[in-house]
Amino acid sequence: MAITESTSMRGSKPSSSILNNETFRSIVFQFVTVVCIFGLGWFFVTNTIENMSQRGMSAGFGFLDSSAGFGISFTLIPYTESDSYFRVFQVGIANTLLVAVISIFGATVIGLIVGLMRMSKNWLVRTIARWYIEILRNTPLLLQIIAWYFGVFNLLPRPRDSLDWGGLFFLNNRGFYMPGPIPGDGFTVTLIALVIAIAAAVGLRYWARKRQEATGKYFPAVSVGLAVIVALPLAIFLLSGAPLAWDVPVLQGFNYRGGVSVPPALCALVLALAIYTSCFIAEIVRSGVQSVSHGQTEAARALGVKPSWTMRLIILPQALRVIIPPLISQYLNVTKNSSLAIAIGFPDLVSVWMNTSLNQSGRAIPIVAMTMAFYCLVSLFVSLIMNAYNRRILLKER
Amino acid sequence: MSTDTIEKTATRSAKSGQPVIELVGMSKWYGNFQVLKDIDLTVYEGERIVVCGPSGSGKSTMIRCINQLEFHQEGDVIIHGKAYGKDEKQNDLIRRDIGMVFQSFNLFPHLSVLENCTMAQIWVKETPKAEAEAVAMHFLERVRIPEQAHKYPLQLSGGQQQRVAIARALCMNPKIMLFDEPTSALDPEMINEVLEAMIELAQSGMTMIVVTHEMNFARKVADRVIFMDQGEIVEQAPPHAFFDNPQYDRTQLFLSQILHH
Amino acid sequence: QQTLETVQERGNLNCQVGLPTPGFYNLDSDGNWSGIDVDVCRAVAAAIFDDPEAVDFQSVTSAVRFTSLANGESDMLSRTTTWTAVRDTQLGLDFTTINFYDGQGFLVPEDSGITSTLELDGATVCVLTGTTTELNLADYFRANNMEFTPVTNENVNVLVETYLGGGCDAYTNDKSGLAARRSAFPNPDEHVILPETVSKEPLGPVVRNDDSAWADIVRWTLFGMIEAEELGVSSENVEEMLESDSPAIRRLLGVEGNIGEEMGLAPDFMVNVLRHVGNYGEIYEANIGEDTPVGIPRAGTQNDLWTRGGLIYAMPFR
Amino acid sequence: MSDSTTTRTQPLIFQPKPERAAPPSTVGVVGWMRENLFSSVSNTLMTILGAYIVYVFLASVLNWALFNAVWEAENRRECLDLVGRSGACWPGVMQWFDNLIYGLYPKDQIWRINLGFLALILWVAPLWFPKVQSKVAIGITAVMLYPFLASYFFLGGDKGVFWTALVSAGLTGLIWVWLTVFTELRYGRSFTRTMGAILGNSGKSEEEQLKFGRLSLIGVFVIAVVLVSQWELSFVSTRQWGGLFLTLVISGIGITFSLPSGILLALGRRSTMPLIRMICTGFIELFRSVPLITILFMFNTMLPLFLPVGVEVNQLVRAIVAVCLFAAAYMAEVIRGGLQAIPKGQYEAAAAMGLGYWQATTLIIMPQALKIMIPTIVGNFIGLFKDTTLVSIIGLFDLLNMARSVGEDTRWLGLFIEPFFFITMIYFFFCFLMSQYSINLERKLEAGARR
Amino acid sequence: MSTDTIEKTATRSAKSGQPVIELVGMSKWYGNFQVLKDIDLTVYEGERIVVCGPSGSGKSTMIRCINQLEFHQEGDVIIHGKAYGKDEKQNDLIRRDIGMVFQSFNLFPHLSVLENCTMAQIWVKETPKAEAEAVAMHFLERVRIPEQAHKYPLQLSGGQQQRVAIARALCMNPKIMLFDEPTSALDPEMINEVLEAMIELAQSGMTMIVVTHEMNFARKVADRVIFMDQGEIVEQAPPHAFFDNPQYDRTQLFLSQILHH
């Protein structure tokens, strides 16, 4: 039967007996499939156990405690060579998430810009955007990552000749260096001020809305709110005597030390991911905006709504419905694609865990299983959010 | 028929000679193709004008120029004595006096009917919300769909949507209303619904330009009927003169086609 | 199932080498494999089939080399693999013997002024991932209380390219590879190999530990080649040597005794090996000797015969 | 009011004004430039900036790749001595060209690959002939029979009775395609029908004639068997496959496999049987949520462990299986999207007319769902084609790994950027073709959907 | 009016007392909501039945149960003496005697009109193609659109599409035809087109159940009019009795609304 709901409805009928032909057949079919799949699984498992015992390989997660013994070029959380394999796993996850988050942010910004360029009135701008998308979308990401790594970051000057911005920020082929903050006593006051400022901004927005409802007067709550969030903590910070020291990177020996540094592999990976994904996002943005018919803009204009508000009140709310779902799946793709870090040796989960750790420890099964579990969890989590969102934004129709 | 004539004369006298819309030698090109040729037209306060003409004759383009949804290249479009110019801010102010109802409604599908009507009031005229809603409900009642206020446009029938579009335009309290073939997408039943709403509106003395081929409507409501062809105004006359005694061969031909249809 | 039988049934040897690397497993534009590790594979194939071409070369990344061997995909691993306790005891593998003694060294630009590895504190070092090199590097710096930042990759070319671009201050790898790489630099003279050798890197063929008869075949093929060099038997004179009176040579070539048969091979398997592939000295000189682009001198180093002061030493072939 | 019609005078004649030319600044090249490049100050700035960026980009790439490049050299050293690193060193790539395209395939056997792809082109070319009718049949035979023919071309070796039959079937298919093309262009009906008309008695019904027509196919098959048993191609191990050839094989198989299995999975995911639905959903979600690289890794390193001792599965086969499963999961979601777009009324109408589940699915639902999703499906194909670069990470000598090997050749040691640049061009060429094709298709379908 | 009556009696006598559809105490629930309550209905061969009633009263659900597009939970649906049961194969056989025309046509857009009509014949009844096409053309002629046979559904007007839907159902040579508001999606002109086609069909003596609010159609064609409300059959009577002299107040209320509309 083709009408799926009805069939199951029928199955739930109280008087239904097991002799129901259709139901019976479907149960038999399902039973056979399940038996096949479990049979196959059992076959695999017994083979694996036999193979492993015969070849003296060990499964199990015991090795997670033993010391890894290799260095990792970039770690977000503290790590030394004597830390355990499990720590390596954590380092990998942290790095993967870091890459994913930055790339997603970058891809969204660039994608938005390119998407708008694609719709520009300027022919040249439009054409550049088009070829930007065509070229980057049609070459493998793996090659692009390598190209960024060698085509750009490896060509930067050596540490001694670093590009220097005000003696605080440095860029060379070892990465990007910037001052790192060291909070002093009393810095908490500034943090508290920040929290207060955020609360104030939220309150301001609420007040602005209420006032507009009551009097019709418009108040630019967002920009004022942002100003408050910046200005208030800054003022408090300065008043409390600027209790924050900066760890400025200095050239010492081979390279800059201190401060915060971003290695070139990370830069290249993030840039490649962001730019590659931005092509897809640009197209998503364009199709989203173009899905809102021109009539909507004209209607808004005929009503006297300013272009900037037309975007905000009419175009965006409608375009977002079309944009968000494919956008999220692009975000998932970024997370998955960050596994290509292996090509330039950035220590993401796949590179540091499924490659280095697997090779050093030889524990293939637990390592591959843990890696896959991580990605599955991330994707499951995102799908849950997505489904909830999709349900919320459905246009009300007849 | 006689009450009709009386009423029409009454409103025509209200037309106090104040010109509201003046098109002076306006021309417009799409690329090399001249859509509008030297249009001269003056519309007085309270006048109801019906524009007709064959497809592609430039009717839509003309009324879109009045609203500056399209830009003309030569001549002037003057509304209440002020001409459109380069300054978009200024143009926006001029445009506020003009309401427009599109053939395809162009309602905002993500806003409820009420929000469709209050949105521009709140953001453009900075009306308090409660007041805006009262205005909106007033006009929704006037087009007889107050009970649909909290539905969304896609949940309404075509005729209802068209009425929302009219109410939405009216909420901005425009001095001039432009209608671009407001009934061509509707089925006969709904055409009547919408025309009735428009007739009621017409009786309130608002300046209106209506592009339509509903000749009954023109007869009943119009102060002047304008016939366009190939980007020019061929003929303009009061309805009885226009229908019963057209001056030009082109008009006669057109009328013979449209009335036999 | 015994590996030898499997191999004989299949008709060829699955021998795992690495991604192309000059001197050890080199792939040329005609699709031919050559190199000292490749010749070990060929020798084993010659021992079994009398045909050095009966080898299927599996070239995989270092990351999966042990799994690929352990899961039965390849019969033996002949790539620059360091013999370590963990690998030998925990991964289900067996190291047979050593065909090359290497040691880890560092390559630095000459203009850096560095003359010793101990001056590398704080340096960024390019290192192959998934190798003992990576572990040794960490150990060495830890032992000397120095800091370093690794730049890792599993592709040597990426590392070299990074190093040349200045992305790291030093490039570390087995010394055998350093010289070869340097020779391909735009300006080889501007780079120096630091004198220290920071680790022992004994390299040799590996098999699974579930079949010691098979391990013996690999091990004794290689021993045979070393023995042959010691005895002066080479691919050129092997036919004449069949007539030799020396009991050691006669045993080696299967004229006397039944060593080959007991292993399940032909009695004269070493003749086949020597005829097709050559003795140890020959494969060394042909692939990585001083006359090759790789150019690793042999005389007087660990890789010379024990009789000449080196470490290359075959167990008695009797 | 109607009585006034009687007093009608002679009408005036309407003379349309002649069209005037548009103001010069709004039309022509000047008008176009004003509109599209210099319509405002900010626009003008953007134009200048854009032009500068394009110039810098093109100049540096062209300088390196063409103007400063070395075209003849014996080894990399020579290149370096000539131009250093300011120009590309192409001789290395040229020397490795065959390998980049065909992998390590024996040089004297390369004609087999060419022939194999030529056969494919011959096979599918009639799909673009407007007058050919049996396009569906041709397409299906291409998918069902061509692989046998191709795999024998590529693999070679001994063929038993079984293989001979399969390869002959493949050859029969190819011959049938062209016989049909010929008869359809000439007589307007397919080969079998033509033969039926010739062989069968003209008095018999069409159905009976068809039987005779089918007999003629057996004749063709016999000829093919004779031909095939004459061939003797040497065996080429899959380890020697590589380069673009391998990339095309993997992605080609992935693409052909993903469609049918994606359809089945999508149907399974919408099935009423809860267990089937759970299994399909689980499979799709599992394979979609992890990166392809982990799947490849798993299949490469772990599959041999799953199988009994002594059972060996070729590495290429494992990679292909991994790619196929991954592609199937992705395709399933695309198809599901298409299925969801089919209104419920279509199912009901089918049921009301008495069509069963499989009839309704194959005759009513699938054709519509596939048509809606064609652009997305092609997009998926492009993604898959690009993703095959990942098989290099498990050590298959695909295009990418082959390019990497150039730099390990002792003569070209360190030659790294040039081969990568070259293969990037190859990838771009194929992907761009496919994406343009899908855009055209989309336009065509859009036009077709309207009245 | 008189010819109409004569004709009607003629066909009514053709109803030879053979029951074709029997609903016996049929109830149906959606979740906890009872849509149909103990429906008892017998339809005799050749009878033409019009079902009307307020929206949501269960009309559609009832005729969909007759076709088993929905399953009922209690009571029996008996077609030609055979009750639907658990055996889907058997149900399919029963269902073959029933044709259904949907409100929204549900034509297959990827098949031409002709293919729409032959598809089920070929795949369900295994008719040879040539024969199936002949049958299809016959019925397409009967609904007066043979010239559209090679067009695709989306290229047709609503009225034409509806006729294709009717022809498609007829091609299966059903003994019973079910129509679910066959005209509600059409504009007035097309409603007439479709109703004419249906009247013609009715005159051929086929058993028909039509859910519709076209009261003129009911008067002209129906043997019996059934009024439903809240999942029950409130009243059933021949049309003249039903319209002129309804028994229940609920029916009267409904009729007063629908006739004044």
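For this structure, a couple of remarks:
When the chains are written out, they are named A, B, C, D and E in that same order, and each has its own residue count from 1.
Here is the rule we go by: a residue touches a chain if its C-beta (ideal position, glycine included) is under 8 Å from a C-beta of that chain, and two chains touch if they have at least 3 such contacts.
These figures come from a predicted structure and were not determined experimentally.
Ranking all chains by how far their C-alpha centres lie from the centre of subunit E, first place goes to C. Ranked by the number of C-beta pairs in contact, the top chain pair here is A-D.
Farthest chain from subunit D (centres taken as the mean of C-alpha atoms): B. Central chain (C-alpha centroid nearest the global protein C-alpha centroid): D. Rounded to the nearest 5, the angle that brings the Cα atoms of subunit B onto subunit E is 165°.
Averaged C-alpha coordinates put the centre of subunit A at 43 Å from the centre of subunit C. In whole angstrom, the spacing between the mean C-alpha positions of subunit B and subunit C is 89. One finds 50 Å separating the Cα centroids of subunit A and subunit B. Residues of subunit E found to touch two or more other chains are 69. For subunit D, residues that reach two or more other chains under the stated contact definition are 297, 301-302, 304-305, 309, 348, 351, 393, 416. Residue numbers of subunit A whose C-beta contacts span two or more other chains: 1, 3, 51, 54, 146, 150, 342-343, 364. For subunit E in complex with subunit D, the touching residues are 67, 69, 92, 95-96, 98-100, 102, 104, 106-110, 119-120, 123-124, 154-155, 168-169, 172. Here subunit A touches subunit D in the complex through residues 1-4, 7-8, 26, 29-31, 33-34, 37, 43-44, 47-48, 50-52, 54, 120-125, 128, 134-135, 137-143, 146-147, 150, 332, 336-337, 339-340, 342-343, 350, 354, 364-365, 368, 371-372, 375-376, 378-380, 383, going by the rule given at the top.
Subunit B makes touch with subunit D in their complex at residues 1, 27, 29, 31-34, 37-38, 73-74, 229-230, 232, 234, 240, 244-252.
The part of subunit C that touches subunit D in the complex is made up of residues 1, 6, 19-23, 26-31, 56-61, 64, 67-68, 71-73, 155-158, 160-161, 180-181, 183-186, 293-294. Chain contact summary for the complex, subunit A toward subunit C: residues 51, 54-58, 69-73, 81-82, 146, 149-150, 153-155, 157-158, 173-174, 252-255, 257, 263-265, 342-345, 347, 351, 355-356, 358-362, 364.
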